[in-house]
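What follows is chain A paired twice: with chain B in the first complex and chain C in the second.
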Partner chain A sequence: MVCFIIKRLAFSLITIWAVVTITFVLLQFLPGDPFTNDKIVHPQILENLKEKYRLDAPWHERYTTYLKGLIKGDLGISMVYRNRSVTSIIKRTFPISLNLGIRAFIIAVFVGLLLGLLSALYKNKTIDHFTLTISMIGVAVPGFIIGTLFQYFICYKLSGIIQEFTGTTFRLFPITGWEGFRHTIVPSVSLAFGALGMIARMMRESMINTLSQRYIVSAKSKGLKQSEIVLKHALKNAILPVISLLGPLFTSIILGSFVIENIFSIPGMGQHFVTSIKTGDYTMVLGLSIFTSFVVVMINTFTDILYTFVDPRVRL
Partner chain B sequence: MFLTARSAVDKIKESKLAVTCAFFLAAVILLSIFVPLLSTNNYYSQDLNNTFQPPLTKGNLFGTDEFGRDQFVRVWQGARISLTIGVVAALIQMIIGSIYGGLSGILGGLADEILMRIVDVIHSIPNLIIVILITMVMGSSPFTVILALSITEWTGMSRVVRGQTLMLREMEFVQAAKVLGAKKTRIILRHIIPNCFGPIMVNLMFSIPGAIFAESFLSFLGLGINIPKASLGTLASEGYRFISYYPWLIMIPVLIITLTMISFNVLGDTIKEV
Partner chain C sequence: MKQRTYYSMMLILLMLAVVLMSGCSSAGAISQEITINLGDEPYTIDPQLVFDVTSMRVVNAIFEGLVRKDKNGQPMEGVAGSWEISDDKLTYTFNLRSDAKWWDGTKVTSNHFKEAWLRAIDPQPENHEPSYMGYLLFYIEGAEEYAYGEGNKEDVAIIAKDEETLLVTLKNPTPYFLDLVSNSVFMPVNTEFYNNQPVENGVTTYGAFAETIMGNGPFKITSWNTSQNITLEKNRSYWNSNNIQLEKVNFKMINDNIAAFTAFKAGEIDVVDITQVMQKDELKKSNYYVGSYDAGVTQYISMNNEDPVLKNTNIRKALAYSLDRKTLIQKIVGNKSQEALGFVSPVVKVEGVTFRDRAGKMFSDNDVDTAKDLLERGLNELGLSSLPKLSLLLDDKETSKRDAQAFQEMWRKNLGVEVELLVMPFDVMADRMMQKNYQLSLLMWSGDFNDPLAYLDIFNSYNFFNVAFYSNDKVDNLLEISIYEKDEVKRIDMLIEAEKIVMDEMPICPVYFLWLDYAVNPRVQNLIRGNSPIQDIDLYWTYIQ
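Then we have the complex of A and B:
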């Protein structure tokens, strides 16, 4: 067990090192010199800037300083806004993204499991068709489309109808912003949609599979109630494959939040990431990429380790 | 190889949904080839007297956009770009993945172990982030989008092919061929590659929509295709700005992307069952 955890952690370290190295290599290929783009800069100032960013040093020296900085938690400084470090941006924006991500994750897991379970129990009934449709849409439709459609139809149209109906200016689902609970509902649901579809589909397949197993048949022949069979015997085994999916799904939620935060103007890390791409703030994008990759790798490591506790068979 | 293709077609014929999806995809492909070729309008000429025309107006079946460009041609031109990126990226992923996975499976032993650990590392890096960085550094064009998607997303295919190769190596007919004195190249060409065809096709059916999906994500971030050209993703994210006044500008591309992705997924699921 301990051996497995150490192995897994070592593996995630290698992965993070690979990410860091790739970003470093890409940094060398950046188009143009960010300092010379708009105005003519005095050569002395340019020298100072180059020295500050160590652009003159040979690559291996820069690589080691880069790695050393990363170990200390220094992800670099913005190239567009002076005195704005990547770490300060992460500190300010990451809690918001995490909040949104966790909300979406909870919705996806609970609704997905429930829909998958019901769909397996009532195969070929209305609830099954409904679940299959939802999961197909969740898997096939890009997140930004789901986000824009939800925003248009729920926040704009539906809330508008409610406003007209009640004759007030109260907007049930605000179109943008991140201020209160009402602001969080539609973004979290749109962010959860893709993962929800996958979980429902996985749960349905695995539950149908489990219910056809022999020990379920024998439980049934012994006269156990359907509810007892499902909750006591089938559920535990059916849920296992879904747990192995949680890591990748959390990853997809993190990346999806880039888009959803932009659509709903949520001041999270994803929105900052996209703004940095658009303003050409390369160091910021690279720093945020490293941080996001770090989070993703850590989550996957954690879920893998968790999985060995839930299902000891994989350790073998 | 032909046997599996035949049974896949039979399987599709069995389900009404799959047949509909196949016809829809065929229609999208034909329209995206012929509309930009044959139409009297083109995707870039502007007509500033006729901006924001609603759909079904004279001469503009899908209406016009903010510069009075004909939306019908733009949408099908966009579908052409999206599909091309999806198919080309998926094919390159297939080639890289098949060669890598096949090599790993055939070599076996330590080489296999090392090659697969490398795949594990690449697989656990969040692909889209690397794709974003590559397109950002190299500038956005269909070429860079395809390049970035091909070099990051081939790991799934390589695992499938490796698994298949390992399984086939132990199969009786391969063993029999070996006993009968067949050369290694003959075994690979005649026995292993044809039998990998099915799983590769299934994987391809899912990697095409995957690549289209990733491309539309990039377009939304402003890293997709340069103006005045536009993929369906670009059109949708451009249309987003006018959603409350001219909703058709976003709804039509969105509808086509959505149905295309669903069709690919349904067909993939159907073929998988063979």
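Then we have the complex of A and C:
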């Protein structure tokens, strides 16, 4: 195990280095500059700016400077958000994305597994159709539509009805913001929707598969109770394929919440992925790539370790 | 089963509502509090470094320059209670109020202005990047040389005579200098406070957080949650605080337009920008105040005057004459925007009259017959049988795409000219234009100050904003001598003549003067939407009814 972790860490370092290098090289081909946004910048001022950020130095010099800073843990200063370091932006925004992601992930896993399990047990019954509909919507409808619809119907309409009903100015689900528990509910559910659908589908298939295995039939013929068969024997095996899915799913939830964050104005990290490329914020793009690759590598390692506990046949 | 799930869900929701509501009380008397959507996170709120409308909305509330803008956008007294202009119109003496204070109660002195202004033109500042808007100070004697790294800081003609007197000498008589001084870049800096702010990675944190900024305006900042909200409260040490009625201002940062609109309808925000015609109709049916204001922006198509085809004046004119601006505005833009049949925006006023009214229309809209003739003549001059396919660069804003498609259709229908649309980020567009690697490009221009020169100067062949690469000695000369002209009437006549020459050669094609729509909760009164970026939202006179 220890040996595995060390090996994994070494590989992850190489991965991150490769990410830095490739991103750095690609950024050289990015047209435009981070300083021109809505208006052309005065040429003298542009020159002064380039000198300030040393953009006029040859790329290999900038590359070595950047790597040297990176070793010290310095990701540089954002070129767009003046007077803020990339590290401070990540430090501030990532916990919010993580918070939202964990909430969504928990909802997706619990509800998804439950729905999948129930629909496998009550195949072709109402609950099965219901699950199928939900998962179909979750997989097929993109996040920005789900988010906008939830925002309109739950945050605006439903909160409005409750407001009228109780006769106060209080709105149960605020439309935007990230200030308290009330603010987190609808965005988390919206973000969970896609993953939830996927988990439910997967769980259903895998459970149905497992239930038709011979050892289940033999357990049944031995006269075991249905609940015992499902919870003790079938579940353990049925859940395996779902678990291998959880790692990548978790990463995509916490790092892919851009759309939901944008709709509900949540100050997470998602927006920076898009805007930093759009505005040509070189240091931010690099910093985020490094951070993201670090998170992905860590989560994958963790999932692999988790797998050994669930499936003893896997050895590290 | 399905039904039961729904019922139980509803029950849970209601129970939750009751539990949560027990902790909140209903509002009592009218609170003087307003919530406004900023749209985006300000890059910084350091007055010398801001350059965009979003940040200026905040800066205008928390800072005050020597001069500020009144309800009609004209200069009025700010920190300077009065000023004198010398007879040769070159020296300005500002007399600062003795009761102008920073948030912490210390006095605003003439040195705070001097330091701020020098900071804005510093070519290589130690702890921050050079200011984008610093060029607005180039009218001051010695400023341009210093900013270009050729002159000395000591030679810039800004003199703090004593604590309450600031003397500025200009290079030329500049009738719009007071208008310039109301801009963000001319606002003061509390040097003592500034020097105490922590420096991270060689960059000062001044202006990056609520704790690292100190202003002197009608409001002071109490919190700034990144990408979420900025809260201001009334600044009691402000010299005119008795006349400021708002107690609290919340700026929210809702980037998604549909979300902002929903939040407005739910009463979470009091002011929202309207971007779709549909939204306006919906709000008008309800009791909301829907307003619009001239943003002082001219939308135009820049043409590369060095392009083998577009170097021909008749072809450029044909393209400009054949656009049906009226239909575009009525059917597609759907607001009060006006057809641009000249370049200088109608917000520009000289001696009480708008420049546009004095100069009049320079050509006629939707003049297809003349356009066809001109195209024919142009093609003959170039020895071509038909016009090759042209390309139009535009940025990725929805409105740009919408308008560009309309131009494409109009040119095809009216002239039989094919135009290809190339959508790209603005910085890429700017790069291509600077390298003369384009034919047509959809742009917007807003003057930095309220004077025709702020618009017409982009036709000066020495101006770097002249991306049409237009060059006419007569125009250059008129613009040049207008700078030294002390007689205001003569000066305006020169500028009108310059615009006439330009519009007769049509180096660019003006499209419309942009108006913007917004909705306000009816309880908000006297919210000013000015015609310049610094006054985009002015809360000076605002109150809640």
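Here is the rule we go by: the second predicted complex is superposed on the first by the 253 of 316 C-alpha atoms of A that agree within 3 Å, B and C clash if a C-alpha of one lies under 4 Å from a C-alpha of the other, contacts with A are read in each partner's own complex, and residues count from 1 in each chain.
The working rule: contacts are C-beta pairs under 8 Å (C-beta built on N, C-alpha and C of every residue); 3 or more make two chains touch, one makes a residue touch a chain.
Predicted model, so just to flag it, every value in this text is computed and none were measured.
Q: What is the contact status of A:F130 with respect to chain B (first) and chain C (second): first, second, both, or neither?
A: In the superposition, A:F130 contacts chain C only.
Q: Just to be sure I read the superposition right, which of the two partners does A:R84 touch: chain B = first, chain C = second, or both, or neither?
A: In the superposition, A:R84 touches chain C alone.
Q: Is A:Y152 touching anything from chain B or chain C once the two structures are fitted on A? First, second, both or neither.
A: Both chain B and chain C are touched by A:Y152.
Q: In the overlay, answer first, second, both or neither for which of chain B and chain C A:K278 touches.
A: It touches chain B and chain C both.
Q: Looking at chain A, which partner touches more of its residues: chain C or chain B?
A: C
Q: Quick check for you: in the superposed arrangement, does A:L26 touch first (chain B), second (chain C), both or neither?
A: Only chain B is touched by A:L26; chain C is not.
Q: Return first, second, both or neither, reflecting whether A:T168 touches chain B, chain C, both chains, or no partner chain.
A: In the superposition, A:T168 contacts chain C only.
Q: Touching A:G177, do we find chain B (first), chain C (second), both, or neither?
A: Second partner only, chain C.
Q: After lining up the shared chain so the two structures overlap, which partner does A:S218 touch, if you call chain B first and chain C second: first, second, both or neither?
A: Neither chain B nor chain C is touched by A:S218.
Q: Scan A:R92 for contacts with chain B and chain C and give back first, second, both or neither.
A: A:R92: touches chain C, not chain B.
Q: Enumerate the residues of chain A that count as touching chain B in its complex and touching chain C in the other.
A: Chain A residues touching both partners: 31, 148, 151-152, 156, 262-263, 278.
Q: Show which residues of chain A lie in contact with chain C when the two form their complex.
A: For this pair, the touching residues of chain A are 31-45, 48-49, 51-53, 74, 76-77, 80-85, 88-89, 92-93, 125-127, 130, 148, 151-152, 155-156, 158-160, 162, 166, 168-172, 174-179, 182, 262-265, 267-268, 271, 278-280.
Q: What residues on chain A touch chain B, complex-wise?
A: For chain A paired with chain B, touching residues are 11-12, 14-15, 18-19, 22-23, 26, 29-31, 136-137, 139-145, 148-149, 151-152, 156, 251, 254-255, 258-259, 262-263, 274, 277-278, 282, 285-286, 289, 292-293, 296-297, 300.
Q: In the complex, go through chain B and note every residue touching chain A.
A: 120-122, 124-126, 128-130, 132-134, 136-139, 209, 213, 216-217, 220-223, 233, 236-237, 240, 243-244, 247, 250, 254, 257-258, 261-262, 264-266
Q: Touching residues of chain C toward chain A in the complex: what are they?
A: That would be residues 1-2, 5, 13-14, 16-17, 20-21, 24, 26-27, 41, 43-44, 46, 49, 51-52, 123-124, 128-132, 134-135, 147-148, 200-208, 225-229, 252-256, 258-260, 262-263, 265-268, 425-428, 430-431, 433-434, 464-465, 467 of chain C.
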